[in-house]
Each structure stands twice: as C-alpha cells, then as structure tokens.
C-alpha cells in the first residue's frame, strides 16, 4: 500500500523526511510513502485547495495554527486513542502540544518544535569589545547602540539590532516582550485580547523606541532582517531555529546564538511554534492503518533526533530535547533552553493577526500615532478577528 | 447532407458559424461563465473552502460596504487607473512619436523599449524593490545620498509606495503601447503632414488637429486595454510588497490583491467572491464609459 | 507601413536621438541588473555595481545542476507551446467566425467573450480545481493547460486582424470549391500570418509566466512549470534572490532570443492590431 | 460552355429590394457586359449567378438547370475579382493551381494544366514569383489564370480592370477579348466603365437602380439608346441633350428647326453626340462661342455656348478653332436622338 | 501669380540620382503638366518645387527668387495631393479653412473667404459634411478648395484625379481647366495619364527616367513628337510603329514604298497614328486581315494583321468591317512619323 505525505519545500526537511521514510519502509516493507513538496509561500493555498477536494495526501504537515479549520471541516481524522493515548502524549510531549487536543481527542502531533533565540555577529561583538551577548533588554539597547554604524547623513549602514514586524518580531512582541513587561496577550480561553493596557503599551513603546528613540535599527534596512544579518550588516537578530541552516552556509559570517534577553524584571519568555502531522479524512482502510503506523514512527524519539540532526529543529518531547548534549550545544542549546519557558499563540487567522500588529507599528512610524492609540486600535481589530471566528 | 445542400447561403453561413463556435462556446461556458456564475452565487454565501457553503444573503456585500479597508482599496484601485493610464499613454505616445522620426538605429531602439514587455513580472518586481531600498543597498537612495540629499522612503511610505509600485507596471507595459502607437502613426498618410507643412501650420496644431484625432482608434484601443490592466493590477503590487502585501497600511493594496488575500489568506471565499463581483462591475462600467466617451464624440 | 517619416532638415535630430537612447538605456536597466545579479555571489548581491567584482556562474551551475530545473524548463516550454498553438488556433477560429460570418447572436457572443477579461483568474482557480478533480485532470499537463487554450484578448485581436482581410479572397476560394473551414485554414490564416505571430508571442509570454493555476493543479514536482519551480528557491521567511534571479534570467533569455530573431515579424503583427482599433 | 438565364431575378437585403426582376438570356459562348453606375446592382446580379448571394426571388439557370441552391463550386463557373483576390502568400503557380484543389486530376496532370494556362497568359516565366513581385497587369493575369485553370463553363468578372491604370487597362481589355475569342467560354463581365463595355461586349446590359435599361450590341446601345439614361451613359464625351419641341416639318431645338419627322408632338429632349456635332467652316445648324477646348491630338473637343446652353462638339485636331471665337456647328438630322418627356427614345 | 524656373535641378536619394538636371521655365499664369510613366521623377520634381524635398543640385526659383532653402509655407504655393489629403475628422468647412490658420485674416473674413471658395467649387451645400459623406469628386473639390483658399501664386497638383473613376475624372478635368481660366494662377500639374495632359495643359513636359523628353504644347507633342518615347506615350491608342527604310523616292514600310522625302538614309522606324490609318473601301497602302474590333461607338478600332505585324487602324463606327475580313488601309504620307535608329524624330 502506498500513502502520500505532503510538506513544504525546504531542503533539509525534505532530506530528513526522505531518511525517515527510508527507515520506515525498511521496517514496514509492505508500505511505501510518497513524499510531495510544495513551495513554502503557497503551501497553505495548495493544501486548502487539495484536501477538501479529496485530492491531497494521507498524512499532511500543517502549521499548528491552521488545524482548527481542518478539524471543523472534518478533513482531519482524530488519532486513534488506542495507539496515541492522551495521557501518554501529555506526559511525553511539551505542554504546548495540548492545543492539538480537540473535543478530547488528539488530532495531530509534531515531530519538532521551534523557538526563538538571539543570533549575534561575533566579529562585530569583538570589534566593539563585547564578550557576551546581552542578558536583558537594557543591555540589548546599550550594546546595539554601540554597534550601530551611520554615515555622514545619519543613514544607518550597519544595525546594532535588526527589526521587522513582518518577520519574527510580532511573535517576540506578542509572546515575549508583552509578558516581560507584565502583560498577557490573550485570556485563558484565547477568545479575548488582553494586551490593551499599560504593560502592552510599555512593550510596544520599547519595541518602537529601538528605532525611533535609540536609532539602533531600521525596520526597512536591507529589506529583510535576516538579509541584513546574513550580509554581516547587523550585530544582533532575533529569529527562529529554522534559520540555522541558511546561516550555516554563509561565507565569511561568524555568528553565535544566545537566549532571548530577559525582561526588566528578569523574566524570560519565548515563543514556540511547530508544524504538526495529521491524517486526512482521505485515508481509509489499509491506507489509514499505514498512515497510523507512519504517524507513530515520525513522532518517535528516533525520528525526532534525526530531524534535529538534519533540520536543526528541536524535538517535541522534553525527553528527546532536554538532553545534556542538546543543552550544551552552542547552537541548539539556547533554543532548547528557550522551550522551557516558551508560549504558543493560538491563532485563528495567523496572517490577519500578524497584520494587526504590523499595522500598529506602521501607524506609529508612518503616521506618528502614539503607542496607546496604536495598541488600542490593534486590540480592537484583533478582537474583531477573534470574534468573527469564535462566534460563528 | 441533402438537408445542408438545401439551405440558403445565409443559413449555411449560420451553420458554419456555429460549427466554428461550438467548441469555443462550450469552453467559455464551462471554463469561464460557469465559474463566474459560481462566484456570483458564492458572493451570497459563506465558505472557508474547507467546510460546507452556507447562504448568508447580502451579508458579504454589507460587510464590504462597511469595511474601511475596502474603501481604501477601492480608492487605490482608481488611483492606479487614474495615474497609470494617462501617464503610460502620454509617455508611450511621446516616445513613439519621437521614435517614429528617428532613423539611426531605429530598430534597435524600438527593440530596447520593447524588451521590458518580455520579462517576468516577479523577477522585475524584485529588481525594482531592490532599487527602492534605503541606503546602503538601494540604487536610488544611494544615488541621492552620494549627492548629499536626504533619502526618500519609497516603499515604506503611505504616500510614495503606490507611485513607486506603479512605475514598474508602467515600465513593463510601455513597450507594447509604443509599438501600437507607432503603428497608428505609420498608418497616417504622409501627405496629411505635407499638406499641413505647405499650409504652414505650427507643430502643435498639427499634433492636436491632425495626429491625435487620426490616432483615435489606436487611443481608444490602448485606453480601454490599459485601463483594464491597471484596474486588475496585482502581480507588481504583490511581488513588490511581499513582506507586507498591499502595505504599508494598505496604502498600495488594489482590489485584486484584496480578493487574493481574502480568498487565500483568510479563506473567506464568499467575501472574496463579493469583491470579485464588485470588481467586475467596476471594470464593466469603466470600459463601457470609455468606449462611449471616446467613440461617440466626433 | 511606410518607412520612418523623414523631413528634409531636422534641427532637433541629435537631441531627440540622445534622449531616446538614454530612455532606452533606462528601460533596459532593470534587465541588466537582473542579469548582473545572476552572476553574483550572495555576499555581493546588495552591491550596486553592474559588473560583479567576483563574477561567478555558480548560480547557474547550481540551478542547472538541479535536474529538476531542466525538467521544469521543458514543462514550461511544452505547456506554453501547446497552449499557444491551441490559443492561436481557437482565437483565430472564433475571431474569424465573429468577423466574417453574419448570424444572429454574433454581437452577443463577442461581448460575452470579451466580458471574461473582467474576471480576475484568481477567483476562478477554485472552481477550476473542483472541476479538474471531477474530470480527473489534476496533476496532468492537460490540467495545467486547459484554462488557457482559448483567450478573450486573442479573440478580440484576431477579430481586428481579420477585418483587414478583404472578403474577395474568401469568396474566390468559395468559388474554387473550398469549404468554410478550408477557406479559413488555407486562405484567411496565411493572410494574417504576422498577426498570428504577434498573438503567439503574447499567449506564449502569458503562459510562460503563469503561476497560480499551475501551482494549484500540480502535485508532483515533475509537472511543475518554471515559475512554480522557481518559487521553491524561496523558503520560509526568506528568499534566495541570487537563485531566483538566475532562474528568471534563464527563463527570460529564451523569450529574448525568440523576440530578437522574429522582431520584425512580431512588431509587424503587433502593428496590425493598431490599424483598425 | 453554357448558357446563363436569369428569370425575374429579385434581390432584397432585408426590406430593401435592390434588384427588381432581372431577365436575361446569355447564349453559349457569348461575352456579355453589365454596365451601369455605382450601386445599380451589377455586382449583386453577378454574385447571385456565382452563388455567393442568396436568390430572393426568381431563378438563375446555368445550361438550362436551375442552380438557385447549388454551391458555387457545383455551378461550373469561375470568377475574377476587382482586387484580383490572388493570395499574397502563394507563388503564381500555387495561386493558379488553387482552382484545381478540388479537382480529381493527378499531380502531373495538374502541373501540366497550370503550365498550359500560364503559357496562354504568357506568365510561364513568372510561375515561381510571389504576387508582390508582379506588376498590376501580371497580377490580374494570375487571377484570370486561376479562373481559367478549371476550364469552367462560365467566366464571371467583377470590374477586374478598375484597379489598373489607363494604359494597362486598355491592354488587359484586349487580352481578355482575345482570350475569349480563343477559348470561347461564356463570359459575364461587370464594369462601370462604358468604354470597356463597348469594346469588349458581344452584348451590353445597361442597368440602373436595379432595373435593366437596355440590352443590345455595342452598336445598338450607342446608336439606338433606349432612353436618355443609356444615351448619356454610353459614349464619351456624353451626348449633348437639349430641350426641344416637335413642330411641323421637324423638331425645334436651340432656335432652329431641323427637318426630322416624328410621330411625337410637344416637348422633346433632343440628343446629339459630340461626334455628330462638327465645328464647320461653312453654314451650320447652330452658332455659338467656344468656351473651352480640349485637344485630344487627332481631334479637339470644343465646348460651345449656344444661347446659354453648353454643348460639346468635335473640331479638327490639327487646326482647332480659337478659344472664344464664334463658330458654326453642323449636324446631320439623321443623327438626332429624340426622347419623350418620360425619357424614352422616340423612333 | 508667379513664374517658376527650374535650373539644372538634380535630385539624388543617397547615391541614386533620380533627376538628372531638369530645366524648365513656367510662365506666369501658365498651366504646365508633367507627364511620364511611373517612377520617372514627376512627383519628385513637384515636391522639390513645393519644398517638401531637399534640392540636391540646381535651383528652384519662384517669381525670380531662389527658394531652395525656403520652408514650403514661405513659397506662396499650394498643393493638391493624389489621395486628397483632406482630413477625415474635419468638416468641409474646417478642411478648407485649414489653409487659413496661419493667415492674418479676422474670423469673419475667413468665413467669407471659405464661403467664396466653396461657392466657386459649388460646394456651399456641403460645407458642414464630413469627407466620408462626400463622393470622390466632391472630396477632390475640397482638396482644391483648401489649396485655393490661400490664394497662392502657384498651384501644384500631384495626380489629383487618379483615384477617380473615368466619368468623374473627365468631369473634374474640365472643372480644373475652367478654374484655371477663371483665377489664372500658375499651375503645375503632375499626371501619368496622357489624356489629362493633352486636354488640360498649356504646355506639356514629358519625362522619362529623370530626363525631360520634350516640352511643348499639346499639339506640338502630338503632332511633332521629339522621339519614339513621346510618340508612343502621347495619344491613345498608341502610335503604330513599323520598321522601315529610307529608299529613293520615299520610305519603304510593310512592303510598300510611300512617297515621303527625307534626308535620312537607311533603317528607320515609321510611326503612324491609328487615327491616321483608315480602313478604306478603295485602294489603300496596306492590306491586312482584321483580328479584333473595338467598337467605340462613333468609330471602331480595327486591329489589323499586315504581314505578321499588328497595327491599329480607325474604321467607321456605324458600319464597321467584319472581323476576319481582308481590308485596305489608307494613310496620308504627310502623317508618317519618321524616327532614326536612336529613336529621335527625323524632320
């Protein structure tokens, strides 16, 4: 029997999955797995067109934030309770995976999770005489200021710190800064926006001050934050663990990774996200059985380690992630450590919710709005998105 | 066969006409009209692509009416049209007019002007995006900075971004319009100009009283098709603002991009369909108006 | 078409020519930058020099060494060619029928076809997908091609072109005993040959760069077209621009060559469109 | 070869009737020319014979067989068009051969036939050229060749010469005439040029507004025009027309009475061909002043004002009278044409 | 009104010289027609006079003033083009008025002038029509009106009648001739139709391959052609040419000796105009068989084969000889044209 597996195109992921499939097929000679991959930018569209049409894969990789829609439309089958007992999952996996439990059944499981960390340019650090990466936000600002370079006209030619709401910064703002300044983004049931308060304003103000007050960053610098860092024109850059692969091959860049800086009160926070694997409603009969077996394999410890080694993404189980070796790893260590205190946002419309924060910052930069007004408007807009979803 | 033989010539023509059109009509009906109709129906439904479709009446349209983003997008769409069509027409006319008078390397110059038309929008959008970057990487800003001017925020600005995106769109279509204009100019008999020279009328009079009126069919053609093009602008915007599509703050978002996002980011198919219907209406009205205004006047 | 107009003396000739030449250079600048970027290393990507300090064909080797690229290139070529042939054929057929036959409903059919220009294809993709699924066209060349096998713009153009063909030609053939299809095929079509070439280049370009639908309808990478394939160089949150530029350059070069070879013909054909707006 | 018969042929476009019942018998091998002003329905008639237009009423018969519903290709006709309708993308050989596409001849037979026709038209050397490389006259010959190659029973020509310049026109006129003498096929030829009609036709059909005005040999229509329209249309320069009156002993015109007996009484229109009105040294019928001279070489046309009416008269080519001089004009009473108030000729 | 003088006028396009030194004096008020086959350089000459083409060598003088470097508008000329060059999007009024745009007349004066010109051309009723609503002849009149309105010193016409049909052409010919008589402006008129040249010109300039062949009045060029080219070009149908020889007592041609004295000896070409070669009842100079007849109404052209050579002769219109019959052809020895081996006429 042949089953089909879909994910998006990213060389390391494809390689890793090829290896997993090979191992799996050796163990289960009667099953073949066909992997199909699609460009990242359009993966979601592709999946959304195919699965409802009954065309897609038997096992599919989805961003965790999309799952709800698929479950509601009965396009995803729950994982069989006998093979994936809920207690077992809750014991083994990081707690954030609980978001995958819908109406008492687990619908999907990740192989790996990712978190944020601070990448830094060792050469620029050395030139500025810094030994260690910033431990907290104040240090971040100070050190960034020291490493920012400007030309005669005051244009930035090298950033101390990268910024860009359209990249990872909206996660940093929402789940990290906001909490570090004493706020919470959403109510416990995730249905209400709770960041429109002094803490929220302080977080937003801190973020925008980086550019507007301290001048250590410019959000449009070199088009994309990662490009600036990659080109060696930024000292510090916050990004996900998936960036490791791209940076590894970059000529002439000497970089290190550190945990995200702590907040004013010393609190730590991080944002974690993950892609999950799920069995679609297309899989029936022996394909279903084969899919279940495949799911079991790709959520096993062995698969997680392969994934970590090949892709650089962190195992979804603490038992596999929090190993001595991983924690001591200079690159993976900070990410793994971050998982301990990571939060996951329960998105209902990821791009829409991202846009709300993007626009809030844009309004401050381009229209001179105050942080209070910008945040209030963002909260209203995001609440409308949530309401639209939950009150359907 | 004998049935066919007994038809009159006119009837035979009708038979042939429909024979020629049979397959195409089937095609257009199934591939174009049916989905279009589907979109119209969908505009009264709610559908997230994954679940079932539900009737919601005019709710999508009401939502659209009250959606501030829609009005902004509506405005943007017309700004693209109102700036794009006249600018590209005037530019291409001026170039075609001058090129028509040039003989040295005429073919080469013409080919160079036509080249952009052959390129891929995506790749070129990136090049332009790169040109527009702030220092240290943006071509224009580096140029400004090297001359000691302050840099200009091209794309990260609610006022400059739209024109900055429009420029490559005009750039890409210019070659086509130039060639059409040149063909139109060539079709005007030389003796019209010679007669005018003998009458001693000025260059401007020749232009306004002879060249332009005689180019009218060409102008109508270009106005209508370039308007449809600008009202449907999408590729350039989408590719030049990939990080924040239609941004900043929706200041560059045209209707088609809004439709695309509604459909494929928010998966609100019904709402997207309603927007499509509105776009269809706009295109229809604008085209018909233009045809009326441009064709009827003597 | 007459020769370029010429007056006896033209005091502005030099100025005009200089300005036009400068304009032409500006026009091709972005293309030059694309080509330049395709022979740069990533670290030099953001430098503005047109000629790289360290030119490299590594990007090309990389892109071409990926066997898939050639496959995608071939797919695009095949699909664009077949679609072009089909679209030119049917557009010419419909344009001819709408131009040279008189029958009730002619205007209606014409307007109806033209009105399809006003619907963005983005909205049609989902119905097409469902349709393809029920007809089993998914993940096939035919599935990629079918929406483009006829075009409204082409029909419009062809109708214009056929207006320039005198009826006498058709009637002479009718007397010689050809049926209407033969008349169209062996008399009318050759008479508008330049126009066909112009239409062909438009349709070809349109299909060569088509993206959304080929993406949606294909599952296997073996069937990807070039633009779809190119986006595989864009990964999560970042884009490998030098590779995209290389791919774009590779994708553009064939059309440029075709254009440069058939320039006269194509321009003559495009020009026919303008004559009877 | 075949006869062509038109029986009460009517054509209407929608409600507008443009042909009002045309009757004509064309004999086998006859050369008939349709002539008339623009829009009179010549082409329409021809196209109905060819089978390119529906017949609204009446009958078209070719060789005694009603062909109203036959396809053009089954009528055994060939047609030559005003703009030649030769295909610019085909060589002369292919153009001529085009008429054979549906024939059952073998390839070598076709080639032979094409060569034959080309030889007949002296186009052998041009067989491999494209039309763009031919002169106007040669193109017209190709068009004729394409019609000839099928050896049809009837040739139809629709103003085939009107795109040629004067010199070529008269040359092609001769060629077609000679061709007809040689092959003997029935020919129906449409023109609006009366010289063509006069010089080529066995019989001329003069049409106006969808009606036939007269059918006759060139001599008949020239010398015995059926009505004023025909009289004016045929002959260049046009016949002079003057108001006149039947009086006892003749007709009164321009102040003179000319002895010419007629049954008619009352108002008349008198027609005199310029060729019959000579400027004479001696005593003439009319006297007048010369307002304009058109020297044609061997003769000169004099425009003479007689009592406020301008007439055209013929004068000598070598010794024309002086402009502005008073002259006498002579006319033979036999050469007067008389028309009644309704425009119809009076015997 | 003005004189026009061309002095050794040369024109070259690139390396190709197309006019090789044209000399001509056009008197004030004269009507000069340039005639010649296609491509002989007529238009080029005219356009150099108009100032639309650069002068490669020589001089153009208008009214004694060298205008080589003057703009067209400063030459006080007006030109009428073959395709009329009237603007399809303007009413007749605007078209005619277009020539006045640069004049200093006030608005009412202009209006008056337009009305005047329109009246002169009988176009008053059509002033508010668009060209598309006019017939060919009316359009040509508008073009002339636009030229007239400025009251130029010289009118230039470049084949203005060649797009019209035969009837209209002869009518417009007359109108232009009359106009010239009325306004008396100097006119230079280009055509390739010899009938136009003959009937309109005060003097005809016959060109070939960039050289002038002959300049003379219509009678001169018809009756005393300077060479074979002129002899064949002028007159329709063309002059019959036969090889002959000067013998004692006359010239030998077609087997007969005709008494005609000449200084020349040896081979000659003998030209006889068809009009001078009559089919006669009695004894003629030549005998031959009629191969084709072209009835023209008042006369018939007979194509006669005399000893293998075809000549055209004139026969009676009413009683033409029968096709295929043997006839005698008479010619007056005075009417023989003799040309030497170089084609030049011999006195």
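Letters A, B, C, D and E name the chains as they come in the text, with residue numbers starting at 1 for each one.
Throughout what follows, a contact is a pair of C-beta atoms (placed from the backbone, for glycine too) under 8 Å apart; a residue touches a chain by one contact, two chains touch by 3 or more.
Remember, it's a predicted structure, so these values are computed and weren't measured experimentally.
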| item | value |
| --- | --- |
| Subunit D and subunit B - chains in contact with each | C, E |
| Identity of the chain that, by mean CA position, is farthest from subunit D | A |
| Best-connected chain pair, where connection means C-beta pairs in contact | B-C |
| Subunit B and subunit C, separation of their C-alpha mean positions in angstrom | 16 |
| Separation of subunit D from subunit E, taking each centre as the mean of its C-alpha atoms, in whole Å | 25 |
| Subunit A and subunit E: spacing of chain centres that average the CA atoms, whole Å | 92 |
| Separation of subunit B from subunit E, taking each centre as the mean of its C-alpha atoms, in whole Å | 55 |
| Contacts with 2+ other chains: residues of subunit E | 51-52 |
| For subunit B, residues that touch 2 or more chains besides their own | 10, 49, 130, 136-137, 197, 216, 264 |
| Interface hub residues of subunit A, defined as touching at least two other chains | 45, 49, 167, 222, 224 |
| Subunit A to subunit B touching residues, read off their complex | 44-45, 48-49, 51-52, 69-70, 72-73, 75, 151, 153, 155-157, 164, 166-167, 218-224, 233, 349, 351-352, 355, 358-359, 362-363, 365-367 |
| In the complex with subunit E, residue positions of subunit B that touch it | 189, 191-192, 194-202, 205, 209-210, 213-214, 216, 298 |
| Subunit B residues touching subunit C - in the complex, by the definition given at the top | 10, 13-14, 16-21, 23-25, 27-28, 30-36, 38-39, 49, 95, 98-107, 109-124, 126-128, 130-131, 136-137, 139, 142, 168, 171, 174-176, 179-187, 190, 193, 197, 216-221, 225, 228, 232, 234, 242, 256, 259-260, 263-264, 269, 272-273, 276, 279-280, 283-284, 287 |
| Complex contacts: residues of subunit D adjacent to subunit B | 51-54, 69, 71 |
| Parts of subunit A lying in touch with subunit C, wherever the complex brings them together | 8-10, 36-42, 45-46, 49-50, 53-55, 167-168, 222, 224, 226-227, 230-232, 239-240, 242-243, 246, 250-252 |
